[in-house]
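Note that the chains are named A, B, C, D and E in the order they appear, and that numbering of residues resets to 1 at the start of each chain.
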Amino acid sequence: MTTAAISRSDFWLRFSHSKNAVIGAIIVTIVTLAAIFAPVLAPQDPGKVSILFTWEPPGDRYTLGADALGRDVLSRLVWGARVSLLVAFSVLSITLVIGVTLGMIAAWSRGWPDSLIMRTVDVVFAFPEVIIALLIAAVLGPGTLTVIVALSMVWWPGIARMTRSLVLSLREELFVEAAVACGTPPWKIMWKHFLPNIISPLIVRASIGVGFIIMAEATLSFLGIGVQEPMPTWGGMIRDGLPELRSDPHLALAASASLGITMIGFNLLGDGLRDVLDPKGAR
Amino acid sequence: MPGYIARRIGGLLFIWFVAVLISFAALQFVPGDPILVLLSDQSGDAALEARLRADYGLDRSLPLQFIDYIGSIADGSFGLSYRFAGREVIEIIEGGMWITPLLAITALVIAVPLGVFLGIAAATRAGQLADTAIILLLVCGISIPNFALATTLVWLLSIKAGLLPVAGWGSFSQMILPVVVLTVPPVAYIARLTRSYMLEVFEKDYIRTARAKGVRDRLVVWRHALRNTLVPLLTSIGIIFGGLLSGSFVVETIFNIPGLGRIAIESIFARDYPVTMSVVLLFTVFYSLINLAVDLSYALIDPRIRLQGQSA
Amino acid sequence: ADLRTTIPADPAMVDPITYSELVAGDVMGNIYESLTGLDAEGNVVPMLAESWEPLEGNLGFRFNLRQGVKFHSGREFGAKDVKYTFEQLLTPGMKGGLGARYLDVIVGAEAVKDGSAAELEGITIVDDHTIEIAFTKPDVLFPVYPIYIMDAGIVDEHGPDWASKVSAGTGPFTFASWNLGQSVELDAFADYWGGAPAIDGVDFLVVPDANTAMSMYEAGEIDLLYAPPTLNRRILTDEALADETLRVPAAQIRYLGMNENVYEPFKDINVRMAVCMSIDKEAMIEGLFSGAALPLNGQVTEGVAGYNPVLEPIPYDPEAAKALLAEAGYPDGEGLPPVKLSTTEPNKNEHIYYASQFQEVLNMPVEVEIVERATHIKAMNGGEVPFFAWGWSAGYPDALYFLSQVWYGPSPYNRSRWQDDEFDALIEQAFETVDNAERYKLYNAAEKILIDDYGTCPLTVRMQVALVKPGVEGVSLSPFRFLPFGDVTIQ
Amino acid sequence: MALLEVDGMSVTFKGLRGSIEVLRDVSFVVEPGEVVALVGESGSGKSVTSLAIMGLLGKAGALSSGVIRFEDTDLASLPPATRRDIRGRDLAMIFQEPGTCLNPVYRVGFQIAEALVEHGLCDGAEAERRAISLMERVGIPAASERFRDYPHQFSGGMKQRIMIAMALACNPRLLIADEPTTALDVTIQAQILNLILDLQRERSMATLLITHDMGVVAQMADRVVVMYAGEVVETATAQQLFTAPAHPYTRLLLRSIPTARVKQDALPLIDGTTPPATDFPQGCRFHPRCPLATRECAETKPDLTSVATCQAARCLRLDLPAEALEEAMAI
Amino acid sequence: MTALLQLSGVSKTFRVGAAGRQTDLRAVRDVSLDVHPGETLAVVGESGCGKTTLGRVMLRLTPPSAGTLRFDGVDITNIDAKARRELARDMQIVFQDPYSALNPRMKVADIIAEPLVNLGMSRAQVRERVARVMETVRLPIAFADRYPHAFSGGQRQRIGIARALAVEPRLIVCDEAVSALDVSVQAQILTLLKQIRADTGVALVFISHNLGVVRFLAHRVAVMYLGSVVEVADSEALFTAPRHPYTAALLDAIPEPDLSMRGKRRVIEGDIPSPLDPPPGCAFHRRCPLAGDICRKEPPPLEAKAAGHEAACHFAETELP
């Protein structure tokens, strides 16, 4: 593993020298803080309906305007960050656990467990993700859980495949053979030798993945199977705001901008991390 | 080689079968019985309901229904649509069947060279301002949701400027906007991949060898480096194609293109399961065929792979 | 030139026998005609029947059919076609659609339905253009029922899948082609009895996405747009579109269903009153519907025969509502068990508003639940849904459509299970009362019982919004969607 | 006139923590037709020296002082295009890893002919003909068939032969060979080294042979340049180096090589390790490991001083008798 | 003297190639060797001749395809995974590449402790033992908390040796343990190994292609060519009077740091044959100066040519030119 050869102090030094990583990290931190402190930061109750102020443009009453039910857009954005990140992090955790476990098992065992896992991966890959999501949404009914389950279904094979290929090359490393020679049992080899050595490419992938998951949630919302009311989500806000793009652009714009900037943040962070963690990076 | 292809095709048949099985099974759990959808307001009428169930063979056991469906695939009709009384599924999907892959492949054919070009432009300027600018542009490219991009483009180019038709299918001008919207994310993705693969290849010993021979910088990049990045790039073509197929759902809806993506959404919402299953199967078929093509084309690009396929 | 407009989906069918849904109706209304039709105000006017009179004891009608009407095939329209159509609708295996349910009162309908007879016993062809239809019980509204009459010869001539090839109606347009997923195209019928249309045909483009349809209208790719409610705000706030906008209230009631069998507190009239009084309809119409609605006071809409214009609105009065709730034993909502306000995705915002009002004004523990449409309808039909707002569109322009289907005890569509014997008796009596004025009195009496009992909260009447390009004349938007486009001209 | 003259060359690399001087004041000459060996342990700067001569240091590295004269042209001052033209034609290079130095996706024939075409020396068909004869010359059987094969179809030794054919394609005046045989088996290594010697004589080409293997030096070199920690510590003829090494490092190094010729019971040890470029010691860079080091060695930078004709060393204690080292180590 | 490790007729065959078109690759062919307690047996040969594979078989990291393997008299040819893990108590390995043999994500102390932890030792015992072996290999105890990347190649190799020594094994296989090191560091490690051997009496199987190193360290040497052992002898006998022409060629090919040898080397022709497609008869015959007709047909058996000196050559008696 080439990525393995970076010390901790070097990491921060390289990190601070990578424009992408720093800008990305700043954006991600802001969004994450907004999500965590949504209850404090949101100026109003995001569900508060004010039928007399529907589509109120940005101004004193509502900093970023109000939506079709007169709810405060800024508050909904902040709470929306919460939902987006909740979905993203849940999906990531689930897919990482499943994907990494199965990927490691596949690579370690070779033989039939490998075939079984990789054929399953092939099948899932061959299903367009929207169809998977639609099917799951149809089964579970639309909602946060659906989005999480659907996106997890879509995402784990990628992680499993990546883990498998990383581990396949790792298991040729001498230190793995050394561990076997020392009498280390397989589960411990996976846990102590494989995992720490694949974690950084996984982190890179995860950080880029977060952006895509947030976007995927938005797309599912657009197709009507995303996270449901009363939970505000960016995707839902964009969907609701798009028809009114000309008469009242503030809703769609605010949500699109938040989504876009967050995507940019995670992507830059991921790209930056890739450069930072690659010892033969551009610099 | 023929043995290899036979084995691959066997694998494909298996995947297709599993795809049908999974979609069939999944649809059993979907709330919103197709018959209830047909009945709509009349869903209190038990006699009518029973009659309809019998008409569509839904009163039979699940294994029998599944066998029926497989049989209908074999005879090419793909079963009867629930939504369109008396119509075979093939009639409903045959119009859209080629539209979605056509769109996806067109987008791919544009995206790959463009993305590679941008990626190389960034890689050869690694660390410079131009590199940062290109990366930023690319990240923006993937960060704009396709439905937002589509809406904006329609407003600017079709309504304001009147240059292109808003929607529909059939003429070349109607293809432009959907293809552009579909192309943006893969361009960005391919460019970023190309950039990182290029940077990796630039470190390779054979690049140094080429320079030591006195080969011009431009040739070093385009001749010696590029071809070595194509193999890993090809690997991601499958994923990109999958993304394009998924993208077709939104793009076909917004641009009102009667392709498989729109048919899929309509049929799922209308609980027209035979159509849904057939569309799922077709998507799976397209996707796995592209992957097969990709695998076969490795050998064209990288001679090492050809030898492994033959002698080993 | 062709008139270009959109439909939100492919029609499920284009034949008059299985005809059973809205989009198909939009298309087929231009191809097929019924015994009677509507004018722009929603009044019943003679179409294929020039006149009709009840048979003895109100047990049937004699129709004098219009002379000189030609089918698209060129054949003359006559009594045999009416009989043929009715029999086809009832024959098992033909999957008779909407039209079939109006025919149950005809003598011998049961026998045809269960396959024991091929011909309808109750129909007598008096001569080529006179037909008598006998009933088992009085149904004074029979002439109003919209049943598309088809060309009796067509099936023999073209086989069972004739509908996708030829057209079998008498309307101003003939079916030309149906390009699945793209469009349905109609051609003008030169021999139309009402005079050949001025336009060459009608193109119905299949455009599921409302925003796309709107963009197409703006870009001039279509001439006419029947706007779904999601576009209302965009259209009504755009001054540039003001001259192109048509606004006509729909013949559709919207009510709040409170099923006391499922949610105990609704048994108390005070609770029902409190609920009704906590909705601010005026504010909702402005804020949520951008003005594209009217408040509804009773359970019959304007433009439908039997409408009562003098009903008092239920006031928006939060204080009174609170007081009523306290009187019912739930001061400040205390003691109210939680309840779900169920609906489908498109009606989400409206329900969120109601729920927010109930929570705010009454402190009622309400939660909005979004359900898949068919499941929701099944549950409502089954009387399982405690609390919902739903609509009901008139299938023919008579108040009885609403009253007998939504509130009449035995009706399968009595979704909130409100029941009152006196009301039911009035409805039954109305079916036998030929005299219109007499009958309308019965309607008003029944409606008053319903309203006074707060068996429902009348909500709003949806405003239909349509856009017509300048230069397109003669489009009429009735309370029942567009009238056929036979009189349309395009410059 | 020297073919190549490196004079006072220093090379720095830009890193995250500032610049690192990897080479300092490196000077040596290569006369036409001779084999000069550049030896030293890993990290001593051998490869950087060769890359600096080739002008292939990349973006991060730069010549911070000194001149590199090739046939009296100052290479560093040439415009990039001219420099590129010399590279590959007059100055050729082969590398350590034959496996990774050939482009895996092009036929070997093409890769050999490429330099000829690039430098405009002949057209495609002629280049192909010459490539085949080169392949024959370096001892690849059935060259006219194997011409169309890909690198992975050759063994390591054959790949290195192809690399040599590639480097020789334009008849260079100077061949730089950076550890050309380290990756190969002993028997194959011997074949390749003999081949290089033959070709070098045949074409009266000068060779700068980079290696860390004193055995290879003994078999090949006319003159030797010993590097330690980015500096040249000794230059000498091969004869002088093996019979009378001057610098303590050279002396220790020669003796710590286990030989298969005789049975040894113990190896003299040089304590410690080569310092990394970020952390070169003050004064004499070898002093922390040198048994002869004094305080002065830790403070004063020694210069390269002449000890005999053609022999110079960078040490402050050259005046000590040869036995002094033995005595110092015995303690 | 009973053998500590005894290999008889051991072969190792790999199936290589894509499914359906597989061929056998015989990496190790019919090898019989003994390793005695406290002795150092060197295995030499060129790249790909099967040295590493043989080492892995000895440690039972991979089961042999044929033949039997005894450790301390016990047959360990077909033991299960758990029993194999138990073997780590007695047998350890040191690898060539000090960079990839250490997990970059583990601290030095954890790396050295790994075999001890696997044996279920208590934490205190482990700590104490780690400290002791670090001292043995002369690594300052302060390094215990660092990660491998902070060390030079020689230091890393010491960590690897410490790991192998920690359990106090009776046999250590050193697979090219010094090949990647600089000459000066190589000398340090060789000296260290020699010292450890003297102090602990551990037996070493020392795999190398560097004959100089082998001569310095080994008691006995086995020469491998294309999977087979072609000559086994005491170190001195082998270096002074090689019996197999391949051994002789190997000795000749070594570039000695000795000007007097210049130009006097005899270089054998030809490439090393591929193990996928071995020549018939004696595997060396295509490169052998002595080869006769019999060599093309019959593989020569490994037989004693002198006391303790075995060679596999039809012409081993012939005086080498």
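In this text, a residue touches a chain if its C-beta (ideal position, glycine included) is under 8 Å from a C-beta of that chain, and two chains touch if they have at least 3 such contacts.
Computed from a predicted model, the values in this text were never measured in an experiment.
*Asks:* Along the shortest chain of touching chains, how many steps lie between subunit B and subunit D?
*Replies:* Between subunit B and subunit D, the shortest chain-hopping route counts 1.
*Asks:* Farthest from subunit E by Cα centre, which chain is it? Let me know.
*Replies:* C
*Asks:* Of the chain pairs A-E and B-C, which one is connected by the greater count of C-beta contacts?
*Replies:* B-C
*Asks:* Centroid from C-alpha atoms only, then distance subunit C to subunit D, rounded to Å. What do you get?
*Replies:* That gives a centre separation of 93 Å.
*Asks:* For subunit A and subunit C, what's the span in angstrom between their mean Cα positions?
*Replies:* A distance of 46 Å separates the two centres.
*Asks:* Centroid of subunit A to centroid of subunit D, CA atoms only: how many Å?
*Replies:* Centres of subunit A and subunit D (C-alpha means) sit 50 Å apart.
*Asks:* With chain centres taken as the means of their Cα atoms, state the distance from subunit D to subunit E in Å.
*Replies:* Distance between chain centres, rounded to whole Å: 31 Å.
*Asks:* Could you tell me which residues belong to subunit D and also touch two or more other chains?
*Replies:* none
*Asks:* Residues touching two or more other chains, restricted to subunit C: which are they?
*Replies:* 211, 372 - these are the residues of subunit C that touch more than one other chain.
*Asks:* Could you list the positions in subunit A whose residues touch two or more of the other chains?
*Replies:* 141, 242, 246, 283
*Asks:* What residues on subunit A touch subunit B, complex-wise?
*Replies:* 19-20, 119, 122-123, 125-131, 134-136, 138-139, 141, 158, 211-212, 215, 218-219, 222-223, 235, 238-239, 242, 245-246, 252, 256, 259-261, 263-264, 267-268, 271, 274, 278, 280-283
*Asks:* Once bound in the complex, which stretches of subunit E touch subunit A?
*Replies:* 56, 59, 61, 84-89, 91-93, 95-97, 100-106, 114-115, 118-119, 147, 149-150, 160, 163
*Asks:* Using the touch definition from the top, list the residues of subunit D that touch subunit A in their complex.
*Replies:* Listed in rising order, the residues of subunit D that touch subunit A are 16-17, 60.
*Asks:* Show which residues of subunit A lie in contact with subunit D when the two form their complex.
*Replies:* Within the complex, subunit A touches subunit D at residues 10, 13-14, 17, 283.
*Asks:* If we count contacts the way the header does, which residues on subunit A are in touch with subunit E in the complex?
*Replies:* 1, 4-7, 173-175, 177-185, 188, 192-193, 196-197
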